[in-house]
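Structures given as C-alpha cells follow.
First subunit A sits with subunit B, and in the next complex the same chain sits with subunit C.
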Partner chain A sequence: MGVRAIRLSWGALTVSLVVLLAVAMLSALGVGQYPLTLPQVLQMLVSPLADGPRDAGDLPRTVLWQIRLPRVCASVAVGAALAASGVALQSVFRNPLAAPDLLGVSAGAALGAVLGIFLGWNIVTIQAAAFAGGLAAVVVVHAVGTVLPLHDRTLSLVLAGIAIGSMLGALIALVKTVADPYSQLPAITFWLLGSFASITPTDLALLLGFGVVGIVPLALMRWRADALALSDDEIHAIGLRLPVMRAALIAGATLATSASVAAAGIIGWVGLVVPHAARMLVGASFSRVLPVSMLMGALLMLLIDTLGRSIAQSEVPPGVLTALVGAPVLFALMLRRREVPV
Partner chain B sequence: MSGPSQTRERLRTQELLRTRELVFGYAGRGLTSPIDLVLHRGEIIVVLGPNGSGKSTLFRTLLGVLPPLHGRVEWSGRELSGLSARELAMQVAWVPQQPGAAFDFTVEQYVMLGRLGRLAAGASPGSADREAVAQVIARLGIERFRERTLSRMSGGERQLAAIARALAQQAATLVLDEPTASLDFGNQGRVLDTLCGLSGEGLGIVYATHDPNHALRAGNRALVYLPGGRTDFGPVADMVVPERLSSVYGVEVEAAYTAGGRVVLSLAAAAVPVR
Partner chain C sequence: MRTSGYSTRSRRGFVRAGLVATALLAGPCARDALASTRRISDDAERRIDLSRIPRRVFPAGAPAAVFVYCLAPDQLVGWPRALRADEAALLLPEVADLPELGRLTGRGSTAKLEGVLALGTDLVVDVGSIAPTYASLADQVQAQTGVPYLLFDGRFEHTTRTLQRLGAALGAERRAEVLATGVQSILDEMAELRAGLAADDRPRVLFARGPTGLATAAAGGLNAEVFDVVGAVNVAQTGAPNLSLISLEQVVDWQPDWIVASDAAFFSQLTRHPVWSSLPAVRAGRAVLAPRLPFGWFDAPPALNRFVGVVWLAAVLHPARIRYPLAERLVATFEWLYHRRPTQAQIDSLLAQTRLPR
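Moving on to the complex of A and B:
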C-alpha cells in the first residue's frame, strides 16, 4: 500500500479536477473589492447581452467582463501552461525535479520583457520580446549543451542551462541598476515577481493563443514522450528519433512558458511542484500526468491569485505565494518519493 | 511438401545478423581485429571478454549508435546504415546492462515503451499493442507484477520486465548486455532459461556475460576477446574451454565434471591459500 493507496483512478481524478476547477473559477469571479453573488455571476455569464449592450455605468458587468474574467482565465491558463512545460521538460531531462527555469526559458523571457520595459516599448512589443528572449535562451542553451564534449547529453544541457540562466540573471540585474528608480524600477520589480493585476483581454488572447500552440506538440507526443525515460541508446533501439522528440517538446514547453512569462511575469515553482504531485497521484505515464498536471496547475494558480488579491489591502504577488507554498510542498513530496535506479 | 520439421530447419538457417570484417571503436581507434560473425534464427551467440574489452561498444555498433570503423553490419541481409531507426527496431531489440527508467512506470507501462517505435506520430497505442504487451508479460511469467512499479521490483524481476519490453518490439533478434550481472543465482538461472526458451521459439539472441558457465548453459556460438585485440568466433564447445579462457582473462581456468558428466568451469585453486 503506501504510495499505491493514494493512486486514484485516473478518470475519476480528472473528472473531479474539472468540476473543482469550474466551481473555483465561478467562485473566484465573485471574490474581490466589489463582491458579486454566484447568481449574479451566472446570470451575467449565460446571458452576456440579455440586458442590452454593455455601458460604462453597468459596474457589475464591467467588473466581471473587463477585470475578473480575463484575470481568472489568465491565472488558469498560466497555471496550466507552466505545469505542462514542467511535465515536458522533466521528461526531456529525465529528471522529475527539473523545472522550466532549468533551460533558462523563464530568465530569457524575463530579460526580453525587462529590456522592453527599460526601452519604454508598448505592451505587445514587450510580450514579443519575452517570447524572443525565451526562445533565444533555449536555442543558445541547446547549442552550448550540444557543443560541450560530455558523453551525457542530458548533463551537458543542464550545465548549459544553469550557466546561461545565471548570465541572463546578471543581465536582468544590470538593466535594473541602470533603470530609472522612480518610474521603471518599480514596474520591473513588480513584473519580475509576477502579477495578474493588469491582465487585459488582449493579454489573455495572446496568452491563450501561444499557450495552445505550445501545448499541441506536448499533447501529440503524450505517448512516445514516455520513452524519454530510457537511455539514449534504448530510445534509439526502440526506433524513435530522440533529437526530433527532444526538439518538439522543448519548443512547445518554451512557447507555453514564454507566453506565461509575457502575460504574468516569472512565477516559479508551479512547473516544478505540480507535475511532481500529479505523478504521485496518477503514476509516471506522460499521457496521464500531462492533463492532470494542467488541471492541478490551473487550480493552484487560480487559488493563489484569488488569495493574493483578497487576503491583504495590497495585492500579494503570486510568485511570492507559489514560492512560500511550493518549497515546503516540494520537501514533503521528496520525503515520500521512491527512487528508481536508472 | 515441407513438413513442420523442415519448416523449422529452414527457419534455423535464416540469417539474421552478419558482420563482415567489422572493426569498431571510438575516435578511429579500433578495439579489436576485424570480426566476422553470423547469427541465425534460433541461435544464441555469447560474447565473452574482460572488463573494458569493448563488449558494449560492439553492441552499440551493431545497434547503429556508433558507425563501424571498417567493414559492415547486415541485419537480415540489409546493410545497417541503409536501415531507418524504425526498420532497425523491427530487426533488433536491445536490453541494456542495468535496465531502468527515469520515471517510476508500472511494468505494463514500461513494456508498452517497446511498442512506441511502431506508432505513427501522435497516435495512441491500440488494442494490438495492448495485446502484444499482455502476451509478452504472460510469456515471461511476470503477470503478477503487471501493476507494480519498477522501483518496487527486485533486480531479477526488473531484468525480466526489460526483456519483456524488448520482446514487445517484436524484433527478430534480441541483444542483451550482461543480462545476468548483479543477479542472484536463482535469477541468473531464470534469465538464462528464458533466453533458451526464446531461442527455441526462433528468436536470434546475442548476449554478453562474465560467467563462461552461462555460455555452456545457454549458448550455441561464442565470440571471445583474446589479448592484443584478437577475437575468435566459433561453437561454444570450441571457444569456451579452459585454455582459451585462461588466455582471455589472464588467470588459470579449470574444467571440472559433475556426476552427471556436465562441464563446470572454475578459477583454479587460489595461489595464496585462504586462511
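Moving on to the complex of A and C:
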C-alpha cells in the first residue's frame, strides 16, 4: 500500500508529461547559437509563409525548419524509441538489465557506419549501412540463439547477443586499427560517440517512419506483454503463443533502436534506465510503463540534447550527458522511493 | 726446408706487413668513425649518439614518413600504410612501392617492434607531438630495440628547425637546407601577404572536416595551422585546440566566408544539402575541397605536405594579392618536396577536384 501512495494517478502523470514535453519542445526551439528567439520562432511556426516556397538565403527560416525543428523532433523521437525498446526487451528477457543494445543492434549499426566511413561513403549511405547493420546483427543473433540447444530460450538469445556483439566489436576495432589516423579515425570516433548535430528533415522522416513501425507492435501487445512476467509454462497454459510475442516485441524494439542509432549514433543509458524510473512512478504494468517511459525518454533526450548543443560552442555528445544527468536522476528516484514506508 | 722455412718466414712477414698496412689504413678510418659519432638531441631533449649515417630509417607515423621521404627517400624503409596507386603516381616509384610498416604509437601501435629490428632499422624517427607521452614512448622503444629513436616537434613554426635537425641526423644536411630555405621563403611570402591585409580583408574560414563536415579543427591546433599562415581567420575559436564536433546551427551562426572541406563525399553533396547549400559561402561558390594527394594538402598528416596547401589556399583566398600562376607554382612545389615533377595534367586534375561541382 505504501508504494502505491507515491504513485501518481496514471492519467494525470501522462497528461502532465505530454504538456511538459510540449512546453520543453517549444522552449528548445528558442535555444541555439543562431540569434533566433522564441517569439520569432513562434511567429514563424504560425506564419503561413512557413509552407510557402523557401528562399535559400532566408537563414532564420533555414535555421528553424532545417536545423532546429528536425533536431528537437529527432531527439524526442530517439528518446521515446530507445525507452520503448528498453521496456520491450526488459519484459521479453524478464531482466531489468536488458537494454536496447542487448541483441547487438548498436554493435551491428556501429560496424555498418564504421565500414562506411572507412570506405569513404557519403553520409546518407553511411546511415543506411548503420541501419542495415543493426537489423542484420539482430537477425543473426536471433538465428544463432534459436539454434543453440538451451532449454531457456531467452538465455540462449542473450548469450548469442553477447557473443555476436563482441565479435562485431572486434571487427570495429580491426577497422579502427587500419583506418587513416588523421582523417578516418576522428570521424569514426565522433560517430561512435553519437550526435544529433547533423540531423536533416530527411533523417527525421526516416526516423519517425521506422520508429513508428517499430513501436506499433509494442503498443498493440501492451496488454498481453504483462503475461511475460509469468513462467513459460504458465504463459503457454493461458493460451498465449510465447515465441510469436517474443519475436514481435524483439522485432519492434530492434527496428526502433536501429532507426535511432542510424540517425543519432549510439546513445546508451536512456533505454536501460528510463523504464526503471517509469516503473517506480506507475508500477510494473506494461501498458502504463510503455507510454510513460516513452514520454520520459523523450523529455530526457530533449533536455540532454538541448544542453549538449548550447552549453559550449562545440557539441557535447549526448551519450556523455545521458549518463551524467541520468545517473543522479535515477538515484534521486530510488531515494525518494525509500522514504516511503512499504 | 730452408727454402720452405724462408718462405714461411717471408709469408709471416707479408702477413705482418699486411696487418701493419691494414692498421695504418684503418687508423684514419677508425678515427673518422670516431670523429663522426655525432651526438644528436631531439626536440624532447633526448640525446642519442649516432656512430654513422643511418641507412635504414623507420618512420613512427605518417608525418615522419613524409619528412624522411622529402629529406632522404633512399633511407626510408617503408610507409605507415601501403601507398595507393594515385598517391604513388606523384612520388618516386621505387620509394612509393616500399612495404607497409604500421605505426608506432604505444598501446595503439600497429607496427611490430620485431619488425623494426627485422628490417635492419638503424634509426626510428617520429615527428609530431613532443608531449611526455611520446617522449616516454621513444625511450621505451629505444630501450627495447636498441635502435636510436628521435622525436621532433611537428608544429608549423618548427618546420625549418625540424628539417635541419632531422637532416643532420640523416646526413642529408644539403637537402635539408634546400627544403628549409624553400619553407622559409614560403613563410616569408605569406608573412608579407598577411602584413598587407587589413583585419577586414582576412577571410573567415571554416574547416569542415569528415563525412558530415561538422568535425572542425579549432584555431590554435595542429590541424588548422594552415589558416593562420595564409592570413585567414578560423571561425572556430572554441578554445579547444583539437578536433571537435560542432552543430549545423553553429555553422550558420558563424557564417564563414569560405569553407574548406576534407571529405570528398561530403564536398560533392554540399550544393545539394538543405542547409549547407543555403550558406552564403556555398551560394557564392566559396567552398573548396582540400585534395589528399599524394598526402593531404591541409592537415592529414600534419607535415611538410601542408606547404602545398599553403601555396594553394593562399591563391584561392587572395586571388587579387597572390600573383603566381597557381598550377605552375604547384608543379614546382611538388617537384621541390617530392623529388618528382608532376605533369600539368596531374595538377589540373587535382585542382579540378578542389572546386564545387556545378
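The rule is short, and it goes like this: the second predicted complex is superposed on the first by the 313 of 342 C-alpha atoms of A that agree within 3 Å, B and C clash if a C-alpha of one lies under 4 Å from a C-alpha of the other, contacts with A are read in each partner's own complex, and residues count from 1 in each chain.
Operating definition for what follows: a contact is a pair of C-beta atoms (placed from the backbone, for glycine too) under 8 Å apart; a residue touches a chain by one contact, two chains touch by 3 or more.
In this text, all values refer to a predicted model and were calculated from it rather than measured experimentally.
Because the two structures share subunit A, they can be overlaid on it, and in that overlay subunit B and subunit C fit beside each other without clashing.
When the two complexes are laid over each other on chain A, the CA centres of subunit B and subunit C sit 140 degrees apart as seen from the CA centre of subunit A, to the nearest 10. Residue contacts after overlaying the shared chain place A:G120 against subunit C, while subunit B stays out of touching range.
Measured by the number of subunit A residues touched, the leading partner among subunit B and subunit C is C. Of the two partner chains, subunit B is the only one touched by A:G283; subunit C is not. In the superposed model, A:R246 lies in contact with neither subunit B nor subunit C. By the document's definition of touching, of the two partners only subunit C reaches A:D180; subunit B does not.
Contact with neither subunit B nor subunit C is seen for A:H142 once the two complexes are overlaid on the shared chain.
The gap separating subunit B from subunit C at its narrowest, counted between C-alpha atoms of the superposed chains, is 40 angstrom.
Residues of subunit A that touch subunit B in their complex: 91, 94-96, 220-221, 223-224, 226-234, 236-241, 279, 283-285, 287, 338-342. Of all the residues in subunit C, the ones that touch subunit A in their complex are 61-62, 81, 103, 105, 108, 110, 209-212, 214-215, 218, 236-240, 243-250, 252-253, 262-266, 268-269, 273-275, 277-278, 280, 283, 292, 296, 299-302. Note for the complex: subunit A touches subunit C at residues 32-35, 56-59, 62-63, 66-68, 71, 117, 120-124, 126, 177-178, 180-183, 186-187, 190, 193, 195, 197-198, 200-201, 309, 312-315, 317. Subunit B makes touch with subunit A in their complex at residues 60, 63-65, 85-90, 92-94, 96, 98, 100-106, 109, 112-114, 116-119, 121-125, 149-152, 169.
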